[in-house]
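Multiple structures follow.
One chain, chain A, appears in both complexes that follow, with chain B as partner in the first and chain C in the second.
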Partner chain A sequence: MRAFQILIDGFAISALYALGATGFTLIFGVSGVLNLSHGAIMVAAAVAAWAAASILGVGTYAGALIGVGVALLTAFLTYFAVVKPIQDSRRIPNEEKEIFVLTGTLLWGIMIQELIAYFFTNNAKTVLPIVEGVVEILGVRTPKNEIFTAIVCCLVIGLLWLLVNRTRTGKAVLAASMNPRGVTLLGLELTNIYIVVWAIYGILAGIAGVLLGMFLGVSSYSVGPLTASAFSIVVLGGLGSVSGSLIAAFVVGYLETLTAYLVSPAYRTIPALLLLVFVMYIRPQGLLGRR
Partner chain B sequence: MNKALSGALRSAFGAAAAGVVLAASGAAFAADPIKIGVIAEAQAIAGASIPQAAQLAADEINAAGGVDGRKIEIIGYDNHSSSADSVRAFQRAVNEDKVNIVIASYISEVVLALEPWASRLKTPFVTPGAASNEISKSVHADYEKNKYTFHGYLTSAALALSVCDGAKDLLVDKMHMKTAVIMSEDAAWTKPLDVGYEECLPKIGLKVLDHIRFSPDTTDFTPIFNKIEGAKPDVIITGISHVGVQPTVQWKNQQVPIPMFGISSQATNETFGKDTNQAAEGVLYQGVSGPGVAVTPKSVPFAENFRKKFGNYPSYAGYTAYDEVYYIADAVKRAGSTDADKLVDALEKTDWEGTIGRVQFYGKDDPFTHSIKYGKGLITGLMLQWQDGKQSAVWPKEVAKIDIKFPSFIKLSN
Partner chain C sequence: MAGFFTSRLFFVSLALVIIAATLPLYVSGYVLGLLTVAFYFGVFAMAWDLLFGFAGEVNFGPTFLIGVGAYTAGILNAQFGWSVYLCIVLGALASVVAGLVLALPALRVRGPYFGLTTLVAVLMLQNFIVVFADLTGGEIGLTIPDVITIDAGANYWIALGFMTISAAILYGLSQSPVGLVLQASGQDPVQAGALGFNIVKHKLAAFIVSAFFSGLSGALLVFYFGTASVGTVVDVAVGVNVIVSAVLGGRRTVLGAALGAIFLIVAGEFLRPTGELATFIVSAVALLVVLFFPGGFLGAALSREARS
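Let's look at the complex of A and B:
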């Protein structure tokens, strides 16, 4: 009974982590950008979905769409207002650009966080679930919303896989992550590929944010922890490796769930962080890292 | 201030400078205002009502002529729920803005951080919403040093008593409940609260089956509710303030079949309904006052005026903050001065009927020196329930408007 409970809850939370981390790792893989405003973009999506549904009263579906739209916009804004100017700048030496991007996105994330707190308070918001009610699975009373979350996460990740492996645009993205110079030599505009990647990222982060808002709820305080969790999953899986991130998301998700159920909810995140430290010692490139 | 100069400044520096000039010239003519610094969690559900309610009280007092001709001026500081920010705000309030007294925070950690500063800067300080026993215990332990701090809200010990008193009538006598699990967040204010719960729940006939303390950072409450359900209690007794929206929404989404009863600070604010998409339905929480509850003749008019002005009914800390501005004004009037020590003496003699009941402070010899007195005829607190999207009193029967009603997923065992 308890084993099933852990299996089911762990799956939903892991799938959500996976979705959140996939976009994060994709951007790093393709453009070498570590986007520290990741958590802020997810929270912006969830809060926008909440505000649209609860304050403007547009309904659950429209609210969710608006949430994803806001994340897409914020992602583009992050790229065009923060990341691209740093990358294009002639005054910043190339070897320092990564640090500038890290700092820039971190500050950008804090700005988004403070704006959300200013306009919508720092209290947790929960997005009204698209499906309500509960069902019994193997004797475990499971909210339908939890199943919905898991299904949507798996579907979106599946679609992403199809996009990357089966379409021309996707193949260009994949190629850019392997050898950017080679891609430009083939006559593809690297900036266009970046825009595609940021669009994919925005949609993924938006869906993850809205689902998180429905499943657990978010507040402006969640910005830091969400960025940190995506960061540690991605580092654990191997920076830039999408499949590594997926595996790492499930490892972290289940490790946290096991700890919460079998030890104490208060120590939930500790074993996963210890694992991260341990992996850094014996395999610094992460589980499936190439670098 | 010379008009020509004022005009020159206006054209040179624009509207901002003009404001300063007007303010400076205004201050020079009127009697010195009584300055109250209000340091609060302006962005938090429970704290947001504090500066609003204080301003409302000040506006009312000023409209009625002020205190002996002196206006009350509220100077607000947002502390972002941080102790460090609060200490900086306190120093600034006293040293730069020259406030006479400070009203601050609903978070015990913040208040405990400010208490030594009230002593160092010899500035009276009242909290409208923190609960930790330690606040007033320190006043008792070192009266001469800490006498500047006043605890304008119930101690955790009194809160536990209030919840137990309500639980005895509502849950034990009426619904024949026998068992409970305590669920509280890990924070300074819940330590004495949990001690109080552990002591008084068995006395009223509720056996404590388990006691779960969780980190205020918790986002997924599934394992916690799962563990509670495993113990099969009749009721969950809550001690939550930093969290509120998330456990409440997950309680509803997961359809945890056990009612929640106890302290849930965020549930005291009307905005909680929207923040939880009405998942609050059925939640029972302790309050010192509430919408439509005539604890005293002042309670309802205040709540309605507050709503008219700010769009929602206040949180519990709104009621206390409103009362505080009034009894501070009363103390200034009786002391005939804003001198810190005289003000402390006058505040100690407070006997004020506010929106939450009759406010008096425990004296030097009581263990909870400078905390407001709990008891019949003073402040007893009440139990309210979220029903049909509204907060309504269910206990004590003198103010109760409705009977307890639970959403359909709650399965009462008796």
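Let's look at the complex of A and C:
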């Protein structure tokens, strides 16, 4: 009974983590950018969906769409206003661009967080779920919303796989992550590929944010922990490896759920952190990462 | 090194310190209290700059070192009643040990991986403090019975003196041959090693020095506040402020980091009437500096001087 509950809850959480981390690792793999405003973009999507549905009253579907749209816009804004200027800057030496992108996106994330807190307060917001009600699975009362979350996550990740492996654009993205210079030599504009990747990232982060808002609720305080969990999942799986992040997301998701159910919710994040430190010592490049 | 004592930077810094030392004679206790905190933050930022700017280690967890020093000093005083000065020294030593712990992964992993390890270290420390609430006061914080002094002026002078001495040592170190080797090993470890320098030894030294000053400053801050809490010395947000200070003031300048910290704290106070938007404005200004003046305040000033 309890085992099934952990199995089901853990799956939904893990699928959500996987969706959130996939976009994050994709950007790193293709353009070497670690986007520390990730959590802020997810929360922005959830709050936009909440505001559209609860304040403007546009309905849950339109609200969710608006949330994803806001995430897409914010992702583009992040790229064009913060990341691209740093990458193109001639005053910042190349070997320091990484830390500048980290600092820049971190500050940008704080700005988004503060704006959300200013306009919509710090209170936790729960987005109205698209599907309501409860079903019994294997004797566990499960909200339909939880199943919906898991299905959407798996579906979106599946679509992403098809996009990357089966379409021309996706193959260009894949090629850029392997060898950017080779791609430019083949006559593809690298900036266009980056724009595509940021668009994919924005949509993924938006969907993950809205689902999170429906499933657990968000507030402007969730920004830091969300970024940190995406960051640790991605590092655990191996920076830039999408399949590694998927595995890591499930490891972390189940580890957290197990701790929360069997030990105490207060210690929820500790085993995952310990595992992370352990993996970094014996295998610094992560589970499936390449050096 | 000898050139420094005749450079404009030296005279400007000397003048600033002298002006700052006379402040208690004519400004209010409120301003002094604000600057006292700002000076301790300045030391945090300078210690961070030594690790990042010179050793090239992206340390996302300056508050791990600060927090260990602060909490060690606080716990020894509050739970065991040891004397203030002993607690401060032991706090700094505990921080050095923490620095060594942090240095172990740094010698194995680089860049973002090391950055994450340091971030995890902070989160672990935070969890540890909450879990062992009996010892540490948990989320509410630890009340410290003793303080160094309650006189605002004396506290201010202690902080100013401490920052000046730390600045002199850290700046001197950064300009010394050791600092240059450190800078070389941060930028190109392979080549620096090929030139015959022991990178591991130099990096360890950088971690120890950075940790020592972070911990000492954290311990002093705790005895100034009379309380140690996660929100003031451990939280990731505090660490972000330290990093932003160093980048704002100008990385790789050491002295700039202190300027950045003072600016950040004072600006935060001036913006208090704007309420919740204060953090937004400070972050926006910091982002603009990062985008348009990547060298920071002091970096921009120094490069202009070098050009003319």
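One rule holds for everything that comes next: the second predicted complex is superposed on the first by the 291 of 291 C-alpha atoms of A that agree within 3 Å, B and C clash if a C-alpha of one lies under 4 Å from a C-alpha of the other, contacts with A are read in each partner's own complex, and residues count from 1 in each chain.
The rule is short, and it goes like this: a contact is a pair of C-beta atoms (placed from the backbone, for glycine too) under 8 Å apart; a residue touches a chain by one contact, two chains touch by 3 or more.
Please read these numbers as outputs of a predicted model, since none were measured by experiment.
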* To do: With everything superposed onto chain A, say whether chain B and chain C fit together or clash.
  => fit
* Please work out whether A:G217 is in contact with chain B alone, chain C alone, both, or neither, and reply first, second, both or neither. => first
* To do: Please indicate which partner A:T126 is in contact with in the superposed arrangement: first for chain B, second for chain C, both, or neither.
  => first
* Asked: Between chain B (first) and chain C (second), which does A:A266 come into contact with in this model arrangement: first, second, both, or neither?
  -> both
* Asked: Touch check for A:A117: first (chain B), second (chain C), both, or neither?
  -> both
* Just chain B (first), just chain C (second), both, or neither: which does A:R283 touch? -> neither
* To do: Please work out whether A:P143 is in contact with chain B alone, chain C alone, both, or neither, and reply first, second, both or neither.
  => first
* Thinking of the overlay built on chain A, is A:V82 touched by chain B (first), by chain C (second), by both, or by neither? -> second
* Asked: After superposition on the shared chain, which partner residues are touched by A:D9: those of chain B (first), chain C (second), both, or neither?
  -> first
* Asked: If you stack the two complexes on chain A, which partner ends up touching A:K171: first (chain B), second (chain C), both, or neither?
  -> neither
* After fitting on chain A: smallest Cα gap, chain B-chain C, Å -> 5
* Structure fact -> chain B and chain C footprints on chain A meet at residues 117-118, 266
* **chain A residues touching chain C - in the complex, by the definition given at the top** => 34, 82, 85-86, 89, 91-92, 95, 98-100, 102-104, 106-108, 110-111, 114-115, 117-118, 224, 228, 231-232, 235, 239, 266-267, 269-270, 273-274, 276-277, 280-281, 284-285
* chain B - residues contacting chain A, complex -> 43-45, 48, 80-81, 186, 212-215, 217-224, 226-227, 243-246, 249-250, 253-255, 266, 274-277, 279
* **Of chain C, residues touching chain A in the complex** => 52, 58, 105, 108-109, 111-113, 115-117, 119-120, 123-124, 127, 130-131, 187, 236-237, 240, 243-244, 247, 276-277, 279-280, 283-284, 286-287, 290-291, 294-295
* Structure fact -> Listed in rising order, chain A residues that touch chain B in their complex are 2, 5, 9, 13, 53-55, 117-118, 121-129, 132-134, 141, 143, 145, 216-217, 219-220, 222, 225, 257, 260-261, 265-266, 268
